[in-house]
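Encoded as structure tokens, the structure appears first; notes follow it.
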Amino acid sequence: MAFLALPAGHSAVAAAQIPADVKVVDLGPDFRLSDGAAWARHYSGPHPGRWITGIPELPGARAQIKTASRVAAPGCYATAAILALTPLVAAGLADPADVVIVAASGTSGAGRSLRTDLLASEVMGSASAYAVGGAHRHTPEIEQALAEAHGASGQVRVSFTPVLAPMPRGILATCTAGLARPELFADDVRDVLAAAYAAEPFVTLLPAGAWPATASVAGSNGVHLQASVDIRAGRIVVVAAIDNLGKGAAGQAIQDANLMLGLPETAGLTAIGVAP
Amino acid sequence: MAFLALPAGHSAVAAAQIPADVKVVDLGPDFRLSDGAAWARHYSGPHPGRWITGIPELPGARAQIKTASRVAAPGCYATAAILALTPLVAAGLADPADVVIVAASGTSGAGRSLRTDLLASEVMGSASAYAVGGAHRHTPEIEQALAEAHGASGQVRVSFTPVLAPMPRGILATCTAGLARPELFADDVRDVLAAAYAAEPFVTLLPAGAWPATASVAGSNGVHLQASVDIRAGRIVVVAAIDNLGKGAAGQAIQDANLMLGLPETAGLTAIGVAP
Amino acid sequence: MAFLALPAGHSAVAAAQIPADVKVVDLGPDFRLSDGAAWARHYSGPHPGRWITGIPELPGARAQIKTASRVAAPGCYATAAILALTPLVAAGLADPADVVIVAASGTSGAGRSLRTDLLASEVMGSASAYAVGGAHRHTPEIEQALAEAHGASGQVRVSFTPVLAPMPRGILATCTAGLARPELFADDVRDVLAAAYAAEPFVTLLPAGAWPATASVAGSNGVHLQASVDIRAGRIVVVAAIDNLGKGAAGQAIQDANLMLGLPETAGLTAIGVAP
Amino acid sequence: MAFLALPAGHSAVAAAQIPADVKVVDLGPDFRLSDGAAWARHYSGPHPGRWITGIPELPGARAQIKTASRVAAPGCYATAAILALTPLVAAGLADPADVVIVAASGTSGAGRSLRTDLLASEVMGSASAYAVGGAHRHTPEIEQALAEAHGASGQVRVSFTPVLAPMPRGILATCTAGLARPELFADDVRDVLAAAYAAEPFVTLLPAGAWPATASVAGSNGVHLQASVDIRAGRIVVVAAIDNLGKGAAGQAIQDANLMLGLPETAGLTAIGVAP
């Protein structure tokens, strides 16, 4: 197993030089999107195409990843939102045309870039928004997954706002969607999530009344979920917590690589965070 | 000037014992809501009625506060959301029937309660959601203000999710609403906010491209705003930063009291935060 | 293996009821001190006596722990200071009669006590001192270990000040001692530490020029050390970083239990922290 | 009043071009040290000489600053340590030949330099040491002030270790010194500090039993002090909290400028921090 560190947009060049029988998990964005127009809205250069999405918990994904030679692990925000919402869209509970996501991330999501706004003095004690209004590159990844969960015909509209929170790691994604059927209760939503993830080693639907906290999955590949229904507002609210460097990045890539190499899926990974 | 500290629901009892010519600003929730049903959804005991809402920046509010003997300062989350959205609802740009707000707060919003989930070890390095699904008490305050901005007849639906962020103070409210007219751009939204707050000493619409950070208003009565339009998602996104203990609580109460007492509105207050 | 949670001073009562052939690691203070007077200065009730000190890295300790039925794991601050200074005292480089230690700890060192000064709002963004002037209970543990490293006859004087730092876990101990021989350089000090811990799986003397940071050992049983000599001030300065819940508590107890049970010493433990 | 921002070592060049009747407070190190050898140990280039030390609370300093045209404000760590220890050295209680200081600082002490070790991801949740072993440039400033408090003849030896704490601002300095007379108690030490700072608007000796926390002076020009005596260790321990950007930098410079310009010393300054 080897690791390459390349700027976004360079995976395609590198991948072309790697023999087809060498298995590759790409943590960059190059091969995440089917839609060339979506690619062009957020990236420059030619659209490299699409590899299999590296979220084993998606329906049918695990079997595909096991036999794949090329897998594209999605972005950190996208992983959290996709795990929160796709089962509910697939089951017809959540309206994919009316999705609003606000997600707080720790600073390691930006890597070790030497930027003034990532200095400790600027970040500690302060929350701030960025890439507001649909500008964040993970937006089309979420749209694509919701569209695929929904089926080809329906409209998908996702408003996604990322927030920089004063913590080193972790993503807390508050994912809301219009209630597709007005008579639904929180238990209906929870039942769908419980069924979707019953056999998953890394995804935990918390007991009713408990809400995710990022520290509980820090340093792990775990995902914590909880859901509610706001009858008056007509919305489902699902909150997901992941470690942006775990299930949101390296952890999920290792999970993918484990599957591709025939290793136990959980090898080298844990679902238990370092908290406090 | 005197200060009384009373549990929620007790202001009404205390207020009844204060002569009518003694001016009172209530920081508690007792006199914030007109609607007895909204009161009953979130509080117990009889509905105490409503005083003038203590946000001087609302249309017509300043004049009313100046002559009032009783003013109810709204909740911290409510103040941020109301300042972000009411001008856009009033101007017909934002759809009050389709509002989704996710707001991160520092821990001082919960006061000095001795609760395990407020211990430093639990909070530092961790973001978490709470009161999800419309359960937070500030929701009806936001609904009431948006309804009043919109006019009596229309429907108002607000999905509000509070998030506890690992910082001592500050609220960052990401306030989204359906775009009431599809042809609008960010500049249209910014123009409305700029006009609404042009003469306000404590509200700053940031220069285009700059997004609010809570540290910039920490320790102050200031409000920082920025707005965008997500054409693809069909939503307006307004981000507001306040100090939950400043404009979200004591600062705004002093601003109200200054007006009621005929003092300069800014006496004892600043709009400049302590950052970093 | 079983765990008991008891208030300080109650281990002795519980231990008396546990058969002698059941192996016990005590994380409480009851059996840490030989000296009844030192016990009486910091605790109430009769002096329970002393068990073997559960720091396997001390000279001869590993063999004793392997055959022991009763082991007393030392306090978190004491572990950091003892690992930093005992090799230098034993080698005659550091003067045990002139030791000054200031150590910053994360808040989990105080457990989950519901105290106002441990609330997130009080701690975040703030450093504070406590138990100043020799009042902290870990002081006699450090004195005892330095006296034993030095040999019976010499005087030991330790000034220890704990500082509460705004972080959930970790101890950074700055341990200074008078230079016993004026001609020593940093390399001499580093050589002694390198030799003392060359074979230790959990203790790392950092490369020259790199200084310990608590995040590097967070969530682990690791210890990071670095040393310098201040010729002008005539002092050795050793900085140690541990996780107060790892090598400072549960991690070290598991390390002890592994030895007592004939398991690999590192079973279930890691020396690699979760950073950032 | 004007502000110039220059790299360390450039104040001397700039100062030479400013007419003598223009009053200057230098926040840089150029004119802090009398001793050319001390200068050469920590800085390069010729020794620019010495201006009056800009700590008005030092004996006789206020009168000198009032009539001075040139004042050198000392470093942030130095200000905290000097205020903590000089009255006790002057009174013969603390031994200036046996001083050990460990001080934790927030990250703004390093300015806005784009350094990897100052990134939020590296700092949050982590304490680390740096410039260990007498390497920090504020060390000779402390030595100089203690020597002047002590009188010309005595030896001064200061071991100073700075620690980077995960907070945006604040210095907590734990300052210990050998007890010059063995019969002293904490009250004796407190009495000396109380007398030294009785009339000072910015220095507060906390009530017995209360220990300084940096948040209490954040955003202010205030100084909080507390002291204890460790009889067994034979040391005085004084803890000082300041805001490194307040009394440790800009606040003190304004305090100096106020005096030089004949303004009220407290103009534009407060002693009350923004806490939490």
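We call the chains A, B, C and D, going by the order they appear; numbering starts again at 1 in every chain.
Note that in this section a residue touches a chain if its C-beta (ideal position, glycine included) is under 8 Å from a C-beta of that chain, and two chains touch if they have at least 3 such contacts.
Owing to the predicted nature of the structure, the values given are computational and were not obtained by experimental measurement.
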Same or different residue numbers at the chain A/chain D copy interface, by half rule: same
Most remote chain, CA-based centroid, reference being chain B: C
Whole-Å gap between the CA centroids of chain A and chain D: 48
Inter-chain centre distance, chain B versus chain D - centres from mean C-alpha coordinates, in Å: 41
Per-residue overlap in chain A, given as positions that touch at least 2 other chains: 106-108, 121-122, 124-125, 166-169, 215, 218, 275-276
Residue numbers on chain D that touch chain B, as the complex places them: 107-108, 124-125, 168-169, 215, 218-219, 274-276
Contacting residues of chain D [partner chain A, same complex]: 106-108, 110, 112, 114-116, 118-125, 166-169
Residue ranges of chain B in contact with chain A within the complex: 100, 102, 104, 106, 121-122, 124-130, 132-134, 157-161, 163, 165-170, 172, 174, 176, 186, 211-216, 218, 226, 228-235, 237, 239, 241, 275-276
